[in-house]
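Pasting a structure here, questions to come.
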Amino acid sequence: MATDHAQANAWLRQLLAEHSAESLHARLSADHTPSDRRLPLNPRTLERLVERRWQATGNDSDARAQLLDDKTVADMGAYEANIENFIGTVKLPVGLAGPLRVNGLFAQGDYHVPLATSEAALVASYSRGAQLITAVGGCTAMVIDEGVSRAPGFAFDNLRDAGEFVAWALQSLDALRAAGEATTRHGRLRNLRVTIEGNHVYLNFEFSTGEASGQNMVTIATEAICAYVMANAPVTPRYHFVEANHSGDKKASAQSFIGVRGRKVTAEVHIPGEHVRKALHTTPEAMVDYWRMSAMGGVMSGTIGVHGHYANGLAALYIACGQDAACVAESAVGVTRFEQTDTGLYAAVTLPNLMVGTIGGGTSLPSQNACLRLLGLDGPGSAHALAEVAAALSLAGELSIIGALCSGHFSRAHEVLARVRNNT
Amino acid sequence: MATDHAQANAWLRQLLAEHSAESLHARLSADHTPSDRRLPLNPRTLERLVERRWQATGNDSDARAQLLDDKTVADMGAYEANIENFIGTVKLPVGLAGPLRVNGLFAQGDYHVPLATSEAALVASYSRGAQLITAVGGCTAMVIDEGVSRAPGFAFDNLRDAGEFVAWALQSLDALRAAGEATTRHGRLRNLRVTIEGNHVYLNFEFSTGEASGQNMVTIATEAICAYVMANAPVTPRYHFVEANHSGDKKASAQSFIGVRGRKVTAEVHIPGEHVRKALHTTPEAMVDYWRMSAMGGVMSGTIGVHGHYANGLAALYIACGQDAACVAESAVGVTRFEQTDTGLYAAVTLPNLMVGTIGGGTSLPSQNACLRLLGLDGPGSAHALAEVAAALSLAGELSIIGALCSGHFSRAHEVLARVRNNT
Amino acid sequence: MATDHAQANAWLRQLLAEHSAESLHARLSADHTPSDRRLPLNPRTLERLVERRWQATGNDSDARAQLLDDKTVADMGAYEANIENFIGTVKLPVGLAGPLRVNGLFAQGDYHVPLATSEAALVASYSRGAQLITAVGGCTAMVIDEGVSRAPGFAFDNLRDAGEFVAWALQSLDALRAAGEATTRHGRLRNLRVTIEGNHVYLNFEFSTGEASGQNMVTIATEAICAYVMANAPVTPRYHFVEANHSGDKKASAQSFIGVRGRKVTAEVHIPGEHVRKALHTTPEAMVDYWRMSAMGGVMSGTIGVHGHYANGLAALYIACGQDAACVAESAVGVTRFEQTDTGLYAAVTLPNLMVGTIGGGTSLPSQNACLRLLGLDGPGSAHALAEVAAALSLAGELSIIGALCSGHFSRAHEVLARVRNNT
Amino acid sequence: MATDHAQANAWLRQLLAEHSAESLHARLSADHTPSDRRLPLNPRTLERLVERRWQATGNDSDARAQLLDDKTVADMGAYEANIENFIGTVKLPVGLAGPLRVNGLFAQGDYHVPLATSEAALVASYSRGAQLITAVGGCTAMVIDEGVSRAPGFAFDNLRDAGEFVAWALQSLDALRAAGEATTRHGRLRNLRVTIEGNHVYLNFEFSTGEASGQNMVTIATEAICAYVMANAPVTPRYHFVEANHSGDKKASAQSFIGVRGRKVTAEVHIPGEHVRKALHTTPEAMVDYWRMSAMGGVMSGTIGVHGHYANGLAALYIACGQDAACVAESAVGVTRFEQTDTGLYAAVTLPNLMVGTIGGGTSLPSQNACLRLLGLDGPGSAHALAEVAAALSLAGELSIIGALCSGHFSRAHEVLARVRNNT
């Protein structure tokens, strides 16, 4: 995280032009006066508490009108289980991309994909890619693996004890499974992976999570497993934690990329050359030239996998459909591959870390649930299909943006669509 | 992205239990029948087009009521510049975390941080951390670098030509800067970095972007630079692209982690032991034990940097405040460090890739702008402060979640707060 | 792989100071004149061919005397199977580090470790660490996993065919195993991992390799498997390769780090504080301060794992003992952890990618075999022990160098020991 | 570093089949009996000390004959400065690869490259690639950057002090440079990069190192800088280390890959299709198919960069020519790119971390120096040329091995060449 001295110097001069060294010193020093901006202790979503929170913030009436509008007030109860210190709602515009034809193991048919974003041109670009895919017969998509893990960590006096503990845990797998699965109707323990690092042991418990994204489910199951461990292990750990940061939760990791976290999906499409020309105003050859240069560009910038911009579509889909937007940090990894064929262009995406679910989390919030219904993916048996749609959407996005980069329309699209804004 | 054969076999059996091989074959095959779900071509946000889109999707009246409520209809014009194929808005509940005292180069004072999320316990957890920080005098925060880059790529016949091109580009830096800066009032070219990979050249143009997050700004400036290059370079590239995937845009990358993308901020706090005990129900020693084990856990899972869960707070802050939620994929990297001191606990976070701005993007949408106003960061001179608040928030989140993991309250907090939901 | 423009400019000026642009252009251009330096076609180790090679190189008599000394001539036959285009031998000085006490699952006792290096102070430093370990009762070491893989890749027309192929492969595992194991007396197929990336399939076949390091063994076994596949698969690949660069062979990879390649070993030692002070002239506290800062230093430089300098000891051990020195590129990854305890210092290393063997490769070359004999690890049942010694050696090296860095003796040791050289 | 439970269980059963749990427990326990295998304290290379070391090891006369042969005894003095606890020399067979025509900024002409290895087929394979390159006019090679860094770390009470320290350091750059450069005739400070992570500061001092590889040079210079810092900084660090593991020394790192460490070189060649067919028995198309699949294979296994097997050639070259073999761990990273052209195949390699020098280290040892002389790279002005030869050699190796993988000759070559060995 180093900064070149010239750049650091420029920054320093800029700071010192605005403030004296003394002033900077003062700004950076602790201030022990008590705060006069305390919020009510009770975090619940009750009208009087909401009112007190607005008072505490100074009660900007314009802000309040935007966040705490009538519909929000009416729906307040619906948010109770998902938020604390509630003051209202933020509204993101939703646009439809599609139709997006998916020939998947689970997803079947033409989807209108709701995307919530404030980035101009994003929906138009994904929609263009989706329509291209649909025009050529759809994309094939396959969920090829699934699993969400928690990774408790256990500390011992020494490696010998750690080894004995692991031997016991391996031999006790059935009991550990029973302890974990007793806490959940839908979660199933699929795998246990063991890491010994000196006198530390990490146990990665990987579950299938049914229709849920599953982070809470696996946490609760793993806490039950840990209770069993602490009560029964022949060697008692000096200390342990239910999650020792070895599960990849909420961040891009090589481990989840190389294995799976959530659902792993691959999707592909074959596009005849004339469709590339007509829809994207470029050629298969140019798109493959782009892919090659951009794959090396990704490699040379040190990304996990290589792709263009999965995060754009995934963030918009996750927000619209009540998924955990923080999981964009982990989900937006994978590989995109383009190849020239005798008849045109082959394109594939593979995303090993799609954290999606159709129950739990934000999926039952009013407008989010509406988006899932629009997709036709609000009922049982829909989480795998949602993962395949997410991968298909990513494929659509890669095709469209790379098409724009090849035809020279990349910034033009942004310029035109963002024309009424003034952020340059 | 490999799957163990036992796990792959289990998955295969599960698939074949539900479908015959023939049926799977059929599901995965292209379907060339024309789609009957086409959307209107015109992507604009006009009432009649919105109406036609709802018709095209089947017009689920419940869904429509949730997405296209009266306030949304009334505000429709406000979304025109940020979305295509508009059908309504999705509403995320917003809770306040704070007060969060920041003693920054730019941020000063006690902030109520609006967080938009559907993850139960998230706001409560960040708020707890924020209050702890405030109680001990606040955290110190420093923007230490800034810059957003675009990375056009140029292909040549051979390395010799590539070298000549680079020599020219280096000697033409003033002209390139002039071409780029002519397109923007606020963007300034801070650095050019040059990559030669065989006969390919990548030029990373890094800009400071004023109050904006700046992706569009740097795209437009770089397109102007490319036009200058194509008109003037003594060696004409065989082909070029305005972005060759070497800028780190929308994805976690070692390059942005090691350098900067957006704003790089470091924040720290010293917490006396009694505050750790009272607020977090654990000890500095336990938290440092956790940090050590979790740092190794992160390293062993192959993350970029090591930290706990920056994405949770950043996603919630970005969504509430009109930032680009897709940037969570790149922003949620950095390092967290905890250390035991004579008097208690030292904690620091460093995030080199905070993509935030207070103009442009979604910052002027009604409810998002309201959130920025609540923060007091809606005017000029506020983007650096927003970055410092984002880092301080990340520090608060790390303290609180690690406290919960140490005191054994991690899943209990989730269980209690998520009690009315039924996702297990 | 970007270079800052100022640095690039300085480099360019330096080049142009020495050569005109025309001269540089000429130097970089292809030269199609036939070469007059051709070597004999026959690559074998025969005296007349060796003679002809020396003639072809200009027959520098001093060089010849150093490379083709009498002993080398006498031993020439011993090199025949390990080299082509032989001209002599290069001699590396070997020093002993030790005694190094290892309390391992396999390694037991006090080892004198032969290290071949030309880096002054290296042997002294490792020896100091080894003696410290021995003085406190030795280090504990455990091989915790093993496996070497080959990863053939198969290309299909589409994902559907790829899926059918994988289903067949999973169901044919016994036959694939039989085909592979038929080629080897010692190799056993331990695992198959499957990767589907669009219409590409990678099959990672992981073998235990007995006393050998095993790369050739697994290559031959995998080629037999591929022959079986091509003859029997219901879907014939468009093309395939016996190794598609997905095995981690000869390079550091997250996959091998997260899983295993070769042998995975962890080793630890508890050192009373007075031993730290006496042997390393520093304190446990200072060493833990170093560890913390250096762990973050490693993380921030983007290494795979975090450690100090495993490569130094491993390269010297590998060269001395006839291991494949190229494997240092993959073996020198892992994690080092230091922790302060009530009585002193806890230190552990974990190396998941130790590519060692005691038969095959260079292990039967005369002087290399002598080094294995010195270690007492030349017979059957010794490869796991060699891996544990390699990890113990790495632990010794980390202790010693970090001790030197903490006591301020780091460069002094180098200065003193390198005093007769003149490379500054 | 996790192991699947089935694999862990198999391993556990295997251990318990050979040893009882009690026996394993005993093996892993500390043994505090004094060692009876102590070596002489004096580490120098004197005959009587060598004798005493052989006595200490048990004096295996066969081993001694192989390591301490007459020539080694005669040359003993030549090793004094490079080794401690000397007992003899290990001999690696050297083969010539070539001629290898390099059209470089620094390297010019047809090289016979000495390679020291015990891996059968390695020299033959590199030689085949070299001859192919030479036959088509040679490869173009360019050193495009250079620099070796040391990264001292400084700890402060708080971030504010850290900031003040950095401000001082930036303003004192001339004095720091003077302090460092005073220690060296050839080293020049090229850059300082600054990292602030909470209250920790890392200063990366990057030097050009003339003809030396330079690690010792930069260590000594940086120690002098640290002395200046400690004497003059207005804020005294709580503690500091001359190297805080942020320089990439001896390990693959994203930082060195993205920047430079040692010398960064790119090399390319254009090969007409008929040469591919004749020399490699395959087609440009097949080689590009391989490249594509192997590039994705590398990406999916999480390597730093993507390439095939740089380590093979580099390790053999480094050992033959007295380079630091431990540096193979860092040098063997980069990117290989193959592309089909109108006339055949385009191939390029880029290696940003070539740690080579022609003075210092092992370059003056008798046989190593002979190898440098054979290359014609033993005098002043040769280090850059050696780096270009190393890159050209890597290119030759990639061409040859990929050719073998495409033509199906990969394991056959190994089988034939390793035929007299018996390691399967």
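Letters are used for the chains, namely A, B, C and D, taken in the order the chains are written, and counting of residues starts over at 1 for each.
Following the convention adopted for this analysis, a residue touches a chain if its C-beta (ideal position, glycine included) is under 8 Å from a C-beta of that chain, and two chains touch if they have at least 3 such contacts.
Since the model is a prediction, treat every value here as computed from it, not as a measurement.
J.: Check the residue numbers that subunit C and subunit D use where they touch, and answer same if over half are used by both copies, otherwise different.
T.: same
J.: I'd like the Å distance between the centres of subunit B and subunit C, where a centre is the mean of that chain's Cα atoms.
T.: 38
J.: How many angstrom lie between the CA centroids of subunit A and subunit B, rounded to a whole number?
T.: Centre separation, subunit A to subunit B: 10 Å.
J.: At least two partner chains per residue is the criterion; list those residues in subunit B.
T.: In subunit B, the residues touching two or more other chains are 1-4, 8, 24, 28-29, 140, 142, 144, 159-160, 163, 191, 195, 197, 200, 202, 246, 254-255, 257-258, 270, 295-296, 300-302, 304, 306, 335, 337, 350.
J.: Which word fits the touch map of the chains here: line, ring, star, complete or other?
T.: Topology of the interface graph: complete, with all chain pairs in contact.
J.: Within the complex, which stretch of subunit A touches subunit D?
T.: Checking each residue of subunit A against subunit D gives 1-5, 8-9, 12, 21, 24-25, 28-29, 159-160, 163-164, 166-167, 170, 173, 191-195, 197, 202, 204, 246, 254-255, 257-258, 292, 295-296, 299-302, 304-306, 335, 337, 339.
J.: Help me check something: in the complex, which residues belonging to subunit C touch subunit A?
T.: These residues of subunit C touch subunit A: 1-2, 4, 6, 140, 142, 144, 158-160, 163, 196-200, 254-255, 257-258, 266-268, 270, 300, 302, 335, 337, 346, 348-350.
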